[in-house]
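Pasting the structures in now, so scroll down.
You will see two complexes here that share subunit A, one where it goes with subunit B and one where it goes with subunit C.
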Partner chain A sequence: MATTTAAVSITSEDLMPGMPLAINAISTLMQTGTTTGLELVDIGYGKLTEASSADSLHEALGTLDTANWVYICNNSTDQSQYIKVGIHDTVIGNLGAGEWLWMPWNMGTADNEINIEAETSGTIPYDYAIFKSTYTLPAKT
Partner chain B sequence: MATTNASITIASDIISGVPINISKSMVMRKLGSSDGLEETSGLRTKKFSATTATVVIEQDEFTDTKASKFYMRNTGSSKADFFYVAKHASAAASDTAAVTIGKLYGGDWMLVPYLGDVNITVAPSTAETMTLEFMVFVE
Partner chain C sequence: MATTTATITINSTDLLTDELSLSASATLTNAGGGTGVTQTSGLARRTTSAASAAAIQAVNLYRAGDYTANGANKVYIKNTSATSAEFFTVHIDQEEIGRLYAGDWMFMPWNATSGTKAVFTVTIAATWAVGDTWEFDGVTMTAASATVGSVANQIHALNYPNWETTHTADAATVVFTARYASSASEELYATADGTLDTNGNGTANISSAAVGSKSESDITIRPSVHTAMTYESLLIHE
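Up next is the complex of A and B:
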């Protein structure tokens, strides 16, 4: 059985004056509702250009309503460049230069692809990893 | 200007012979700026003992279309019970289509950008007591 862990540390000395912030957490990723580790992953690197509209990063081709995890990092160093991250027609948020996100993804319906869109100008490099409970390969054309 | 750092480490042996090790740090900044975020909701915990969908982050407290972020964690240990997390007035997966983001089982956490345009709600999968920890980092 594969083991995948995700750890986070959030710290700030001055966000809340007089109360330094230190959050630390770690989780082990399991298949939906079980204690069996995830065994499917899609990992990669790409570049987005502002000229294109939102692109599907990953289609919802697995079993609906399952435990899956998404990591995306905007690798730009230009602070004016950010990536809009969405699930189908819902924009989750704006991922700024150098920022990453980590979120569960349950593929609520077959339309619930993860999509990304570059904002402002130029080319934005990004990397991603998607850990999945299930996945069905696209049909041959 | 405040400085808030967040780092993630993902380690996996899913691919035999090719270990996955992702390690990234970021400074939480305002949209399109090198200035750090300066406001927060504070770290909160909330106990739930019903499956009713509940708003935990209210959009009207924040400015839309900026670079806010929220952190959320199911503090429990059960890998059978979970919170649905949704960007909507309801957090049930079956009837909210794309607005349901995902599920947080015991020990699971998430850190995502937040547009501040719609409430964030959660719905426990069980009436057994579960606790959610969350914090909004605000632009």
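Up next is the complex of A and C:
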């Protein structure tokens, strides 16, 4: 079994005056509800263009109600460029230049498809990683 | 301007044949960058429990209507449970994002797209008397003056649990706006929704009513068990 850890640090000395913010958390990525580590991963790099509409980040071909994780980072350095991240028909939020997200993903149904879209202008480079409990390869065409 | 940074590090020495070491750090700014975010809910910790599995309820963690739509808002949630099978299911509106199992955390942007709020106008007219009353939303106004402008001033000055008011001093009208986006099944508010008790022929008619629409991105979490489960959450927002 593989051991993969995800750690976060959220810090600020002045967001809350007199009360420095220092959140540190680390988790080991486990298969659904177990103590067995996740063993499937897709890691990639891509570019989004503003001219295109929303694109699917990854096919939702896992097993319903399983533990999966999504990492996306907007690698743009242009502060006007952001990636709009959605799930099915709902917008989750906007990833500004240099920002990242880390969230669980119930990837067992097309209704849970995660989509990404470049906003404002130009091309936005991004990194992504998807850690999965299970995955079914797309059917042969 | 505050400086807040969020850093993620993902490591594994045995997931791939090569070592995985991924790291990113972001300084959290308002939309468009340049200015650091300055507002936060503060880190909160809460324990959920219910009488039975059938009684489990989702917790509305953050209501979109309370925050800036399309803002550079960020949400952090952690399941502090130590029981590996226990999880919180995270939803945005009706879309399930995923499950946070014991010890898991998440950090994501949040668009905070709200719905629209119900609204109506109440108009104070005709002959009022000192001591007349008008009740709405569980709050009763007792007239201290017989002039319609003063009665409207009093209505505006009260605090309603589910409504906010706008009013021009001494005008006869008060506009009520719901504090939260409405349910899709809500009906138009009408005069009968207020309770009038007058010794004269005073009126408090409701007009210009409009129903709202439900919020589109409230964040809710639902515990998997009815026994105690604890989570931590933080919202950093514009």
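Definition applied: the second predicted complex is superposed on the first by the 140 of 141 C-alpha atoms of A that agree within 3 Å, B and C clash if a C-alpha of one lies under 4 Å from a C-alpha of the other, contacts with A are read in each partner's own complex, and residues count from 1 in each chain.
FYI, contacts are C-beta pairs under 8 Å (C-beta built on N, C-alpha and C of every residue); 3 or more make two chains touch, one makes a residue touch a chain.
None of these values were measured; they are calculated from a predicted model.
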Subunit B versus subunit C as contact partner of A:102, first or second or both or neither: both
Partner chain(s) touched by A:61 [first = subunit B, second = subunit C, both, neither]: neither
Set of subunit A residues, in rising order, touched by both subunit B and subunit C: 2-16, 21, 23, 25, 27-28, 30, 33-35, 37-39, 41, 43, 65, 67-69, 71, 73, 79-80, 82, 85, 87-106, 111-112, 129
Footprint of subunit A on subunit B - complex, ascending: 2-15, 20, 22, 24, 26-29, 31-34, 37-38, 40, 42-43, 65-69, 71, 73, 79-80, 82, 84-85, 87, 93-94, 96-105, 107-115, 117, 135, 137
Subunit C residues touching subunit A - in the complex, by the definition given at the top: 2-16, 20, 22, 24, 26-29, 31-34, 37-38, 40, 42-43, 70, 72-74, 76, 78, 84-85, 87, 89-90, 92-101, 103-113, 216-217, 234, 236
Subunit A residues within the subunit C interface of the complex: 2-16, 19, 21, 23, 25, 27-28, 30, 32-35, 37-39, 41, 43, 65, 67-69, 71, 73, 79-80, 82, 85, 87-107, 111-112, 127, 129
Complex interface listing, subunit A residues touching subunit B: 2-16, 21, 23, 25-30, 33-35, 37-41, 43, 64-65, 67-69, 71, 73, 79-80, 82, 85, 87-106, 108-109, 111-112, 120, 129, 131
